[in-house]
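Below, subunit A partners subunit B and then partners subunit C, in two separate complexes.
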Partner chain A sequence: MRQGGRPGVRGPTTAPQGGTIDVEVGTNDPFVEVSLGGEESTRYPVDPAKKASIPVPPVPPGTLVIISIGTGLRRKVLLVEVVEDD
Partner chain B sequence: MKNYILLFAATAGAALAQGPQSLVVPAAHASSDAVSFEWVPGASQDVHQQTLVGPSHLGSIVGHQITGLSFRRTAANETYLGGTANMTVWLSTSPLPPLECSAVYAANVGQDVTQVYQGMVSIPTSPAVVGVAVPWTPSNVIQIVFAQPFVYLGGTLCIDIVGLTVSGQTTDWWMADAAYDYAIGTAVDIGPGCGSHANALGQWSWVSPHTLLPGSTAGMSANGPEGNWAVAVVGPAGPAFPLPLLNLGQPGCNAYLSDILFLNVTAFWPTGEPLIQARGGVATYGLQIPNANWVLGAQMTTQWLDLVAQNSSNAVTWTVATAAPTLDMALVDGVASDTTGNVSVYLAHVLRLEYQ
Partner chain C sequence: MRLDPIFVLAPRPKPPSMSTRRAFVGMGIAFVTGGVIGSACGYAAGRAGQAKPVDASTTEELQPTGNADLDEVRRLAVKAPIEELMRVAETFLATVSLQYARDEVAWQGVVRIAAYVVEHPEAANRARIAKVTLQVAERAPSIRQDDYAVWIPRLKGIK
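Our next item is the complex of A and B:
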């Protein structure tokens, strides 16, 4: 699977509906924050192996899931496109 | 007097004859891979990292000169491509123990601060390493040989590194081994929040379980409309109480505290990230937890109020870890141009110190 990301965080560029997005975090941030571009967001913990597993939200294919870590100048964003499950 | 001079000469001679030695912190990972990893300053981005190393790790090098340090790659079935980083390293005796590590870099630096290195550091291309043991071989190690030694006289050692990228020499994913302390608190929602920022679970505020340790700072945060005033309220949990009865909230907004012990007014500060602008700004509050046994297992509840929109957050009951952490190290990780970083007292690099 193609990897995307910014320095310090990486994950897939696409994720299937109903699947999971596995993100690796190189910084010491304890969680990743997930939003769909609206006002709501959800946080998922980074485990001791520096991975966070994010269930793909129930959204149509083509939707971008915005995964961010850190705050302020430390913020990094990873975009993952939801695709149809084959 | 003559005898003392002879004794000193003999001791100094023995030390010189002994040559450089090394000490790995934490010692448990001297040869075995630790569970976590951390990035390296300057390898892929301009990064400022401070590591505080408690005296429990350093007893054997009191009075010795620290002459260098090394990072070791983490075990992974992946080749790490090499590069070069431009690093500046300072050592000092921190005024703070690791558990009380500050997010403000300057607060962790001791008065005896010494710049021990400034220059290019080679990052080797490192073939995949799997299994429990990762040797300190050149292809697994980023080594910094100090130009100026630092005499360690005891206390908490502050290793302060600013790493800048070198154009054309960056490496996107070179992860160094890092130790992890499993002591952790818990954070459980006891009531949902109200307002448009509440997610499907009614959440727009959080407490970081990793910060719920004796001597640490409990980290609380909330998302809300950028620029709105926010207040964090901490106290014992209580039954749901409708806030409109106090003219303090929208219909459907409840308080879940029976008393107020701590209160902090701040704002939802903008993140500056257009992709998540609708999500709003972030308000944070840190509450110092005493470094004492009686706090083990202690419980509090935190709730936020958006003072402008009159919305209350989900209430989070948090419990301090039931066991004290043993890592005795801390890491502050941030961007090189900032004055503050993110503190972790449960996660820090595995480091090898060279000394003589």
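Our next item is the complex of A and C:
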């Protein structure tokens, strides 16, 4: 699967509805932050192997899920587009 | 020998529906009207598409907030060249929406990004940045919604 993201957080560029997004974290951040562009976000823990598993939010296909680590302008961002489940 | 005339029926010539002069005048009026409407639409579209100019008073009053990160976000939003802002657009959009959603100055950067991707088809990762900008704009605090109303349909048009 095509991978995307800057050094810091890597994962797929698309994810199916109802699926899971598995990301690799290249820093020591204890969690990844997931949002859809608003103020609200959900945090998912990063395991000791520096991986995190994120359930795809219930959103329409075409929506981008914004996965990030860090804060401020040091934040690393991965955008994952939700696609229809085959 | 006798020659008898033969008459062949030809179709009756159709009279022109409009005199040549009236047709010329009509076309002239249509041309001028089209030109006026086209110019008005072009002007309106151009005005709507222009990046919202940064308020000079805002940049002059960009005082330190005590938060170095927010100061840098604000600088990018209103003072940095657009190329610099676009290089960190994804990070900027995520940071403003998650951390500084109530900061008026920071939000001006979101408007600049929206304007840039709309007006620059050659922008790198244009469709992706347009989409994330659209999501941020659609979920902006209600106080900011008016700033984006003009951009939302245009961002949606970018594929």
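Heads up, the rule we're going with is that the second predicted complex is superposed on the first by the 85 of 86 C-alpha atoms of A that agree within 3 Å, B and C clash if a C-alpha of one lies under 4 Å from a C-alpha of the other, contacts with A are read in each partner's own complex, and residues count from 1 in each chain.
The rule is short, and it goes like this: a contact is a pair of C-beta atoms (placed from the backbone, for glycine too) under 8 Å apart; a residue touches a chain by one contact, two chains touch by 3 or more.
Just so it is clear, the structure is predicted and the values come from calculations on it, not from any experiment.
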Fit or clash - subunit C, subunit B, common subunit A: clash
Partner chain in contact with A:P48 - subunit B first, subunit C second, else both or neither: first
Partner chain(s) touched by A:Q17 [first = subunit B, second = subunit C, both, neither]: neither
First (subunit B), second (subunit C), both or neither touched by A:L73: both
Touched partner set for A:G37, first subunit B, second subunit C, both or neither: both
Partner chain in contact with A:T63 - subunit B first, subunit C second, else both or neither: second
Residue contacts on subunit A - larger count, subunit B or subunit C: B
Contacts of A:G26 with subunit B and subunit C, given as first, second, both or neither: first
Against subunit B, colliding segment of subunit C, chosen among 4-12, 22-30, 94-102 or 148-156: 94-102
Residues of subunit A contacting subunit B in one complex and subunit C in the other: 33, 35, 37-39, 41, 66, 68, 71-73, 75, 77, 79
Complex contacts: residues of subunit C adjacent to subunit A: 69-70, 72-73, 76, 88, 90-95, 97-99, 101, 128, 131-132, 135-141
In the complex with subunit B, residue positions of subunit A that touch it: 7-8, 10, 26-31, 33, 35, 37-43, 45, 48-50, 66, 68, 70-75, 77, 79
Contact set on subunit A toward subunit C in their complex: 33, 35-39, 41, 62-64, 66, 68, 71-73, 75-77, 79, 81
Contacting residues of subunit B [partner subunit A, same complex]: 35-39, 44-45, 170, 172-173, 175, 180, 182, 196-201, 203-204, 206, 208-211, 221, 223, 269, 271-273, 275-276, 278-280, 282, 284, 331, 333-335, 337-338, 341-344, 347
